[in-house]
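The same chain A turns up in both complexes below, where it pairs with chain B and then with chain C.
Take a look at the complex of A and B:
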């Protein structure tokens, strides 16, 4: 293998793939980044067995070849180089990769490329496409609700249901549920659903960045991996093999109290209440009376505070007091973009339903906290 | 025991013919149980056998009897780079198998395979799993994903939670015959016949011990040291014994092995006392052992053997090694 490319491009590419390199691993190969020539370009790949990221960098390829080198060292060195041309030359028998850039020379000891876990190529036949903006919005509004508790692997994933011309994303951690529909550019022939690790989707969200081109999504033949094809980058995630709970059943179908209010106002009120709530199990109380809502938190140690907001209250019961975990409220209100949100409630012990006014593709359900009334 | 040439040529396993045969049939008929529990004494071949089954499950060649040893999958397994194979063991130095390690296994198995048809998690030292860790594995053990294979290694099923044992297919491995170890050492590890006879005798049928003794000279030295220490203790007065206990407690990584050597030594004493000296293990030390046999009565020898066995069990349960050693050394007769 012999090729040259620009330091800026190589460094940017390594920045994209570098995040998938696991910090601790028992498999030496996973600490390495794969460098391979591919149709006149340089292909970079890393994997942590859950997620693999492949990125293509423009290069002038003289001879083809492939090798893996220690990712940390290689990335750190490339980042430290001047913005100049980088020449990479592989000594095939010893698997040593020589790097030259201006006055800098370096040599990396590699591991054979065929030891690197196989990264499947996208199958053309069953690809679906979504607009980058839709996917960005959907992931941003759903991922945060996934669990981080490893003892329930299924809840650390995001359910993705492909049916007709809609992709429905849902995540739940036992206390809240976030669900959003996003349109597919072409309808799918056969509906199916998969569970994608939330960590992988966070990485998809990061790499989409401000990309505008549509994202192509495909699964491997047995639905055991999912691929996201972005501009110059392919992300490939293992799927979680389990049954996702039937989350639609926990979405309340009716409500006795409906509150409509400004998203930014309630978000600021919650953030303020969080200051006291952090000493009181994160509990904030919403006291609803006709025409207004009071967001308050009370800590026996540090004090108490409240914010009074004007709100449009309608329904059978115009007065209600209910408590929530403030972190769950700030999470959902920060993720929404619409100026107005609605809060649909029944009783202090029943889950609350949060929607964005003018955007019926999103629903969020959050469990209340128990108010220890004496 | 007649050795089955077909079996021996198929997998690189010495002995355990019936277990190998059973597992080979399971592999060729694609009926390997989802949870296998390999039990047997230390170094008897549990890991080698389990890993061979894992290699066979992951192998990608069309060989009639996998693993082929040459395909990409087999090569990756050998270099520790197979993405669908996970090996977990307890911390060295007598540590426990912890719940976090079991969570790693769960996470590993909850994701679909990377490049093989299945995923294999091999968990060694399962008798050292904490109760929490063992319970954490129960759910995975009961309802593993279709592609998952769990292999547990433990010295004795009695040391495990019954709920673990009842959810797995147990493959019990017993020590090999002396002859079998001796032949294998000569044929496969090119050991000189006299040396092979001696190591086979001392190994007590634990092929792994014999192979390690061949490949690592320090290992045999350690045995000699353990025996010297045992003989030395007999002549020590009380304060010196406490000092010895303290010294040994400081470096307790080899303690299980040391106790095993001591037990064999006392078993030899008992054999001499009951006129069975031909069956002795440490023939090279017959002189000293005979002297002990003459000075100690049979009841005392039996008591020593029991004390050592108790100490071995206590060691499995994570006791204070210092106290354990002090107790044990006080039980030693004075000569």
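Take a look at the complex of A and C:
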């Protein structure tokens, strides 16, 4: 293998694949990054067996070949190089990869490429596509609600329902639910749903970046893996084999109090309240009266603060006091983009429904908190 | 069969069984007599575990020649005159039974010289009958020689245990008296070998070192006498640091008005004072002497006088627990790594202690919850202090038990936080430390009105074994106060509707099961059930070993730990923090001798 490419491209490519390298593993090969020539390009690949990322870098290939080298060292070195041409030459018998860039020379001891786990290729049969912007929006508004608690693996995933021309994404961590519909470019022949690890989707979101080209999505035949094909990058993830809770049942169908207010205002008020709430179990209280809402937090240790906001309050009950975990509120209000949001409530013990005004594809359900009582 | 009055000798032998159970009880009675006689030196010697010979010699006031025979008669005593005297007994003996009982079951030689007499007198008795009376030369004081104990009560003799066991009982008694009476010089010999010698110089610590050895004796913490100075119940003595503990309660000794007693309640008060400071199933070392007006205590409960009754048992209980707790929490040094000598406990600031005590006294709250600032409004941080008020003389939140200011250096093995303090390195167990922080926070929330809870989107069904389920079902209202809203849902199944707000896991089955089995096997009379439950919950919430922490997280954890009442142990009693002093490091690196 002998090729040259630009340092910027190689560094960017390694940045994309680098996250899938497991920090601790019993399989040495997983700590390595695969470098292989592929149709006149340099293919970079990493995997932690659950998630694999493949990225293609433009290169001038002189001779074909493949090898794996320790990812950490290789990435760190490439990042440190000057923006110049990088020449990579593999000494096949010794599996030593020589790197040259300007005045820098380095040698990496590799492991044979055929030991690297095979990354499955997409199946052309059941591919769908979504606009990059839609997927970016959908993931950004849903992933944060997924659980990080490994005791309930199903909740660490995001439910993806493919039906007709809509992909519905939903995540819930036991206390809140975030759900968004995004349009598919082509309708699916057969509706199906899968659970995708939130961690993999975070990578997808990161890799999409500001990409504009549509993202094509496909699953393997048994729906046990999913493939996201982006520009120059393919991300492949195992799916979570479990039953996701029936999320639609959780969404309240009616409300007695509806509050409409500016998203930025309520977000700032919540962030301010969070300063006191962090010493008080993250509790913020929303006190709703006709025409206004007061967001307050009270810590017996550090003090208290409140923000009064003008709001449009309507419904049967115009007065209500309800407490929430402030982190849940800031999460959802930060994830939204529309200027106005609505808060639909019933009793202080019933879940609250948050929507973005003018965007009915998004719903968020959050459970209130109960103050202690003895 | 005809009914008849027993001859006096038979009656005496029967009664003797109550007082004289084994050689140790003979030693006890004789030593107490010596103490009552104002002796300053008491020598005890035994042979054959006390079976063959017990010798007790003192330099007390002796027995006047005219009264010597009377001393061996039943109900003859110099310590009591009227029944009213029983109300305020100041002497150890008073029943007038000991000598008579001992004499009835052994061969006794009593040699005594009263301080006013010129010559001594020797009396020999066998089975209670006087066989000889001769004047002899003798220094002031009394020597009693008890030979062939139980020679005429074969049944009792048969039931004596091995020599070693009997010696052990005798020693247990004598060592404790040696500590309780430091101004008396004790020597103890068994079979011509000296076992114990105290100098009688008046320093209890010296006696402690004699008895417990240098290592433990010098590290016991003295209960500051000023703690209870102005109260009717005075508590003195020594308690072990939290780093020293034993597998049973045998190291807890209680003296009431100079008398060693076995009192379950007070023993429990001391164990309770160490609550959460010692590992589970370990017991403290304590030597506590309670002094209270004689009319407040009834010692005339049992002939052996090892039981007492208090007029106000709760007050005594509280006083003992409070004094112990304060001594331990005020002075507990950070457990030293490598078990190199612990530095001497810092002197207790008497003024501050008294102030703290004053704040405590009017509050009839169990001292087991000293970690709840809300119950001590006087001690709350001065958040509301108005500018014109002078600054409080002491920082109210800083008790002597708080940690020194620590600077986080890093994390080791994703298990321990390494920090630097003014006097060396500190290693902090992240899980234990976090548990302590959470425990005090939740306990405070709970005492202030309940723990906030976060309801679940959908109730989670949890299945438990039937015995745990049955127990848990009765505790549901209790759980609700802890923020755990659970309702029954068929046999062995529960629906969890809400969890404590701080809980970040959904492994609720494990949590409920933990609470159920943990609470079931707790020792009886132990802490409040809710506290046990809170401990279980905290265990679940706390960061685990193996969790990587950022520098900010570690700094915050340590700041929170510094604010807790008992930063040095986790709620289960394991240490949270170890110290390696600069000196130890220097020594290890060969920079110091």
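Criterion: the second predicted complex is superposed on the first by the 371 of 374 C-alpha atoms of A that agree within 3 Å, B and C clash if a C-alpha of one lies under 4 Å from a C-alpha of the other, contacts with A are read in each partner's own complex, and residues count from 1 in each chain.
Just so it is clear, a contact is a pair of C-beta atoms (placed from the backbone, for glycine too) under 8 Å apart; a residue touches a chain by one contact, two chains touch by 3 or more.
Computed from a predicted model, the values in this text were never measured in an experiment.
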So, after the overlay on chain A, do chain B and chain C clash or fit? They fit
- Which partner does A:117 reach: the first (chain B), the second (chain C), both, or neither? first
The answer to whether chain B or chain C touches more of chain A is C
Once both structures are overlaid, the C-alpha centre of chain A sees chain B and chain C separated by an angle, to the nearest 10 degrees, of 50
| So, A:151: does it touch chain B (first), chain C (second), both, or neither? | both
Worksheet item: Now for A:26: first (chain B), second (chain C), both, or neither, which partner does it touch?
Response: first
- request: Using the superposition on chain A described above, determine whether A:367 touches chain B (first), chain C (second), both, or neither.
  value: second
By the touch definition at the top of the document, which applies to A:238: first (chain B), second (chain C), both, or neither? first
Figure out whether A:351 sits in contact with chain B (first) or chain C (second), or with both, or with neither.
second
Worksheet entry | First, second, both or neither for A:70, with chain B first and chain C second | neither
Exercise. Which partner does A:15 contact after superposing on A: first (chain B), second (chain C), both, neither?
Worked result: neither
Of the two partner chains, chain B (first) and chain C (second), which one does A:172 touch, if any: first, second, both, or neither?
second
For chain B relative to chain C post-fit, closest CA-CA distance rounded to the angstrom comes to 8
Contacts of chain A common to chain B and chain C in the A-superposed view 151
In their shared complex, chain B is touched by residues of chain A numbered 26-30, 47, 49-50, 111, 114-115, 117-118, 150-151, 153-154, 197, 224-225, 238-242
The residues of chain A that touch chain C in their complex are 147, 149, 151-152, 155, 172, 174-177, 245, 250, 280-283, 300-301, 303, 323, 325, 349, 351, 365, 367-374
Contacts from chain B onto chain A in the complex sit at residues 72, 75-76, 79-83, 86-87, 103, 106-107, 110-115, 136, 145-147
As the complex stands, chain C meets chain A at residues 374, 381, 383, 445-446, 448-458, 460, 480-481, 483, 485, 498, 501-502, 504-507, 510
